[in-house]
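Please find the structures below.
Look at the two complexes coming up: subunit A is in both, with subunit B in one and subunit C in the other.
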Partner chain A sequence: MDRKEILTELKKVLAPYTESKEMLDGINEDTDLIKDLKINSANLVDIIIDAEAQYNIEIDFDAAEKMYNVGNCIDVISEKINKLA
Partner chain B sequence: MGNRVVITGLGVVSPNGLNIPDFLHAIQNGVSGIRFIPEYEDLKFNCQVSGVPEFEWDDLRNYITETSLYGLKGKGIAYGIKAALDAWMDAGNEIVAEDTLWETGCVFGSSVADTDVIKNAITRVDARESKKLGSRVVEQIMNSGVTAYISGRLGLGNKIINNSAACATGTQSILMGYEYIKFGMAKRMVVGSCEYVDRYVFGGFDSMRVLSRKFNDEPERASRPMSASAGGFVPGSGAGALVLEDLDFALARGAKIYGELLGGSTNSGGQRNGGSMTAPGPEGVIKCIREAIANSNINANDIDLVSGHLTATIADKMEIKNWVQALGRNGDDFPMVNSLKSMVGHSLSAAGSIETVAAVLQLKHNFVHANLNLEDPIPEILDIIGANNLPVIKVDKEINTVAKANFGFGDVNSCLIISKYKTTDG
Partner chain C sequence: MISAGNDIVALNAIDKRRTNLPAFYSKFITPSELTLYNESDISFQNFVWLLWSVKESVYKYLKRGDGDLVFSPSRIKIQQIDVADGFSNCPLQTDESIDLLYSGQTLFSSDQLYFQSSINKNFIATVVNDDAGFEQIYWVVKLIDKPDHASQSKAVRLFVLDKLNSLIIEDDLWINKHPIGYPILLHNNQQIDIPISFAHHDRYVSYSFQIPK
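Then we have the complex of A and B:
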């Protein structure tokens, strides 16, 4: 799965947690989850739980801490997926 | 003396109506909200009927944000949010305030946090999957979940309190809000209570053998307060909410006024002299009602309607006896008395607030709702009060003052006195 495909999937994961639907449509790798998408910081754990289920991966504490913008999320997810492969 | 406190908004989620117009129609026409619950038959409960609001999660869509609604699983909280926000809007307010409303607070009660949410947590944790619980569990298993959702949505900045006093919870929450306004600590309070009776809470009561079990095939006949053929109460779910305001604050913003909360009392019989964990002691009950009357500066003869606790258990006849003694009125001189539980069952913590909403509507629209299923009043009740005071059909009648009381496990009592708002002091 390439970065573009991951981003498309990630949009679906993020959707329930943001009120900024227009912003979500236009996300890119620099989009910040909290500042741009106005996601409640407490919900980041829910996004991680949903991402784990979506990609069938495990995201540990250290990796989760890096996931604050879309690019970082894709980094972590693609790394975990590639480990599985 | 303190400030005068008026009622400016009402909201309800009841088994027989999900909003004020539907609820008003239901109580005027004696519409029952009691239904057969197939799951309860499967669970081998003795009582297989319940009062369940016909609530859908989608009903909350315009009340809270999409992100907040996503992940909300607690139905008691959901009922509470809907009732409270409906009351808020009924009082002429917008849902979303820009800034914190420091003069407005919330007292909203409940008896148990949502056990469906707790069950999910127990199941996950025991399966060593606590990692998958996510961020939304704690806020829904804390007792103050309902007040946290309501106050957060409305931006309330005064006292935010979740109270709990079993079946006296709802009337107690209203009284607490009243006192904060009366004594100048708040200008406006959103008050009420909620209850979601799930299978576990229901099972506990079922095992106590205090629930109605003989009318499973005729659900609408199952809740029979004051009836000789009553065999226990019917648990129900829902929420009721009121907006209480300092009179001057309400007048200044041109609010419509349903009525005035004149006063009330909450106490306990101390589980002595006939009072116990499960039974209200007569002394405490009588003292509570008399204190409510005294605090309201009225005479017992002013009361036109008694909205009783009256659950349809063996306690009903003792309750009427207590009212007779507390008011010093009997026979045909006793006020009209009714029990909303005949239509919606007993929604535990929510009972007091839903019944207070019903009391305010009867006051405003000048009627006394029917006691359903009262075909055979308990003879001992008819020995002390007149049959005409137990209406079995709606009675249109000017209602100026209502006494509303509830009595809960732990021997806790609460009584409110509500009257029409009169501009002259009195």
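Then we have the complex of A and C:
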């Protein structure tokens, strides 16, 4: 799965937690989950759990703390998927 | 460094089933912190979100002094949680009654901070300080009409400006956002040294600030 495909899937993970649907349609690797997508920080763990289920991976403490930016999310997910491959 | 940090969790907006799953809470609560849980004092759901709100508040407090700081909830160690009798110097202004009060201390790297938290059936609200005394802290929770981000942002700004205007009697106070993300208070385009923190979740907004001695 390449970064573009991960980004497409990531939109589905983020969709329930943002009211900024227009921003979600236009996200890129610089998009900040809290500042740009207006996602409440209380949902960040939900997003990590949903991403784990979506990609069948496990995201640990250290990786989870990087996931506040779309590019970093893709880094973490890509690394975990590649470890499984 | 004088700073401000607070958080609020609206309990109607959380996933209650998920809260109790180890796969969820282990993302930010460490095994040693789980030993602080005492079921006679607090429900497990509220314990989980109390720890989240403390860690979020600590991060906000420290971010003001370290713009590169990354939120690492598992590295913010909650060392002690006590049931408190009351926060006489720190009124929580809401029409709702508060059921439980907690205080305690946390450690992140070499930074020791203290917290106070108020809980009722609707929310968990927390404020932190670098001193166990909270006499200089103004901390308030408010219920608003709409839960969208624009309404939350507007309401909490009006709310804090109303209070600040009553305390320091300056016209033309306004709030801007520092590039790092925290709110700053301005008067005639000059930043005023009163650190402010905002929090919002669903229909609850909260602010904390302290006026330096």
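One rule holds in what follows: the second predicted complex is superposed on the first by the 85 of 85 C-alpha atoms of A that agree within 3 Å, B and C clash if a C-alpha of one lies under 4 Å from a C-alpha of the other, contacts with A are read in each partner's own complex, and residues count from 1 in each chain.
Here, contacts are C-beta pairs under 8 Å (C-beta built on N, C-alpha and C of every residue); 3 or more make two chains touch, one makes a residue touch a chain.
From a predicted model like this one, the values you see are computed outputs, not experimental measurements.
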Please work out whether A:68 is in contact with subunit B alone, subunit C alone, both, or neither, and reply first, second, both or neither. second
As a test of reading the superposition: which chain, subunit B or subunit C, is in touch with more residues of subunit A? C
Identify the partner contact of A:49: answer first if only subunit B is touched, second if only subunit C is, both if each is, neither if none is. both
Subunit B versus subunit C as contact partner of A:40, first or second or both or neither: both
For A:17, is the partner it touches subunit B (first), subunit C (second), both, or none of the two (neither)? first
Touching both subunit C and subunit B, counted on subunit A across the two superposed complexes: 19, 40, 42, 45-46, 49
Footprint of subunit A on subunit C - complex, ascending: 9, 13-15, 18, 23-24, 27-28, 49, 52, 56, 70-75, 148-149, 181, 200-201
Subunit A contacts subunit C in the complex at 19-20, 34-35, 38, 40-42, 45-46, 48-49, 52, 59, 61, 64-66, 68
Residue set of subunit B touching subunit A in the complex reads 65-67, 70-71, 131-132, 134-136
Subunit B touches which residues of subunit A in the complex? 16-19, 39-40, 42-43, 45-46, 49
